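Two complexes come next, and they have one chain in common, chain A, joined by chain B in the first and chain C in the second.
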Partner chain A sequence: MTLAGGGPGGLPGRPSFIELSARERARAILDAGTFRELLGPFERLKSPWLELQGVVAQSDDGVVIARGRIGGASAVVAAIEGAYQGGSVGEVSGAKIAGALELALRDCERGRPVRPVLLLETGGVRLQEANLGLAAIAEVHAAIVALRRHVPVVGVVAGLVGCFGGMALAAALCSHLVVTRQARLGMNGPEVIEQEAGIGELDAGDQALVWSLMGGEQRYASGLADALLEDDAEAIAAEVRRVSQSTAAPPRSEQAQRFLERLAAIDPGQPPEPRALRALWGRPEAP
Partner chain B sequence: MEHLTFTYPAREPVRGRVHVGVVGSGDLEVLIEPSPDPQAHVAVTTSADGFEAVWRHVLDRFFGRFAGAAAIEINDFGATPGVVMLRLEQAVEELRA
Partner chain C sequence: MQRDTVQPGLRWLEALTASAGLRESGPRTVRLADAPLGGEATRFIAVVPDAANRFPRAREGEVGLEEGWTLALLVRATIAADRGQRPRPIVAIVDVSSQAYGRREELLGIHLACAAAVDAYASARLAGHPVVALLVGKAMSGAFLAHGYQANRILALASPEVLVHAMSKAAAARVTRRSVAELEELGSRIPPLAYDIASFARLGLLHRLISGVSATAPSPEDVERVRGELAAAILDARASGRDLAVRLTSAASRATRAASIAVRQRLAEQWDAP
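After this line comes the complex of A and B, so read on.
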């Protein structure tokens, strides 16, 4: 598989993060030897809805929940498998993520901090499970907002699926969001925009254009992600380790006035080009 | 979507359990754990209907080399026979590791 907008493969001599499965990603983020999976594939918590619709279900519903340590501190990782149903969030997979975060919250409230990390590779809600998936995503949002009062909630979008829909809102709610150049982050995915608004609005096949609008580099340069890293599993784990111990800046969702002013500075009739948006919104040090 | 089951004779017990693969396009997941009886049982759920004979050929060949009393669950999303065999061999390799 090759993608013009940012292909996989990683850096020569460096371990790729993008090429890892969800389970391998969770293992790569946690301190060596501390990975312990909860509700793993042998629990067979499958989607009860997919088979009714003629779709083969995966034994873990595409979400890996792992306890372990990050920089020696107690941690929980929720990793979404992008290769299974586009990383879509259904009733079971959503409940696994929300449940993990809610248990971490309970521990935090009892004075036992647990560092939560979300490895997001998802098209958003699973359409076959509709409102059940949406309800679970709302629970994930609520849990992130409650948790980040106690500990930094770290999100990682590495690619190649990206992070869309309600789970893009979850990414935006994180205390600290890490992306790679291969990542994409947006409310609607490019195919959805093309299908709904026409190819004149966005040609989803033009990968350079898609990445210039919603790619990780653009999202970082326009201040919607906090770190831009290469596809290097060790570098990504080191960044997660660093930020999960630190005190994060006020979350974006508590800076509504700042973002309203940003939106007010834009004329929707004449939307800025990606470069111009960086100049308008971006961090001063951005490329 | 189709559910298929197969049974094979076994000569040795299986210890531990192993999970490999993903139910992604052209791929499959394999779960292996000890069988409750001295035979091997395979339960296949596949997105591609009408390939029972092909599954039997692939599994006949696999069990020509593997004699463990395993309960094997396969969730398949259109993998080719070659990919099925690679995933089974990967699972057995991890089982022996």
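After this line comes the complex of A and C, so read on.
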């Protein structure tokens, strides 16, 4: 477990990770000089659905798949570009992630381990592709669960989009989940909760409240993420290198009895405040 | 109670197993019953409404915190019980309106609770359990991911109650800055945007679309037909791989999900450095 000190925002003199594009992030994670992009923008594998709706389709559909090495070991990075359509997962971008994980699984089964890393920056399903985005996310989940038996699957949620919807489930399925203070991780975006359950349930405009519930620091401190790092590209790459070679602890998503006991101890009429949850579930020593 | 007329999930659990599936402990929203199907003991699981559920945001058939974790617990118990013997079939009866939307749900990790259910169903499939999802009502968004979408085979009733989508119409309209009428117009010509099951069938993800069967008031003949379809799907699942590759092989998926197939082919070509 890792906890770096300091306040929000990038550190003076340190290279920011959050400010990098998906392509640059993948490059930063891989060992220097080993980045090789698959299905790059010149392949022009665009969404077949967006232009039917008058939306401009980007030629990489907002996902970068890169092979290379991490700490000298064979690796694949799938990086979502948060700046394109909110990092949303459509048919093509979802198939790129699922397909890359499926090939890593194939190689693992043949005795040639490939270390997978997911750089998650996504609002979840792209609603302009709705059911095909959801289908692709189910395939991403399937691949993570299968792959996790062979190698650690490392997820990083850095910010600024965060990680929501079905892709928050993908983050939760990872063997090891790295977050920053600028990350948010939640199943339902605040606006959707407000729409579905009313402003009395959650005021999506109350940023302090939203961050207190689903911010990276809270997720780490309440035991729902494994490492909290500053916005430092070198530190994040070092953490990914460290954990992608290690033996991960049993995944949280396998611990049904433990979490049901925790929920049974909570009164839904008087749920704990976010800070109190840290003491109940996580790391009360965290800031 | 008025809701009884619109609970296809519970109705089908009772029809297929002659049991309401109530357990001695845990939330009343997650029901489990065992019944023979095609000559072998089969486990059926459903998520149903409960107006008195402890967590108020999961009273109308949503998959909430306790539902996600309970699904995980029950599916994992099934895997453990069958270890070393022939893994029994698991049928997920799907009628789930959404994941639970709420402040306490986010705080307490609804994303992890749903992931736990995904993990358990995927693990059951990988352990050799034939996992079949039967869509008899709503199959919405994260709730469908948690309960049904990891199945080896997905079957659906061709009925107006059966709906599949990533988000409710009202919320999808707000997020995409479109009106509900505009969404419906787009859905009528772009299959992945539609909510109805006939449009979903065009995506090639279904193993079978069963027509002429009532979702809400099935006759004994309807139930027998569905039992036959489930048994056939279980045999089909036992005879093929434990992954989800079958979803890309149907004629419908070769047409509608051509991009999903092309992406995988080209990734495979470029996977190893030249």
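Criterion: the second predicted complex is superposed on the first by the 274 of 287 C-alpha atoms of A that agree within 3 Å, B and C clash if a C-alpha of one lies under 4 Å from a C-alpha of the other, contacts with A are read in each partner's own complex, and residues count from 1 in each chain.
Simple rule for what comes next: contacts are C-beta pairs under 8 Å (C-beta built on N, C-alpha and C of every residue); 3 or more make two chains touch, one makes a residue touch a chain.
Just so it is clear, the model here is predicted, and its values are computed rather than measured.
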Scan A:L224 for contacts with chain B and chain C and give back first, second, both or neither.
-> second
Regarding the shared-chain residue A:L260, is it in contact with chain B (first), chain C (second), both, or neither?
-> second
Comparison of chain B and chain C by chain A residues contacted | C
Just chain B (first), just chain C (second), both, or neither: which does A:G99 touch?
-> second
Using the touch definition from the top, say if A:S59 reaches chain B (first), chain C (second), both or neither.
-> first
Of the two partner chains, chain B (first) and chain C (second), which one does A:Y84 touch, if any: first, second, both, or neither?
-> first
Overlap of the chain B and chain C footprints on chain A, listed as residue numbers | none
Touching residues (chain side chain A, partner chain C) in the complex = 36, 38-39, 43, 45, 47-49, 52-53, 65, 67, 91-92, 94-96, 99-100, 102-103, 124-125, 127-139, 141-142, 145-146, 149, 165-166, 168-173, 185-188, 191-193, 195-197, 201-202, 209, 213-214, 222, 224, 251-257, 259-260, 263, 266, 268, 271-272, 274, 277
Would you mind writing out the residues of chain A in touch with chain B in their complex?
-> 21, 40-42, 51, 54-59, 62, 81, 83-85
The residues of chain C that touch chain A in their complex are 26, 54-57, 65-66, 69-70, 72-73, 76, 98-99, 101-116, 118-120, 122-123, 125-126, 141-142, 144-146, 149-150, 164-168, 170-172, 174-176, 186, 189-194, 200, 203, 205, 243-244, 247, 256-260, 262-264, 266-268, 270-271, 273
Could you please specify the touching residues of chain B with respect to chain A in the complex?
-> 1, 17, 19, 22-25, 27, 29, 31, 33, 45-47, 73, 75-77
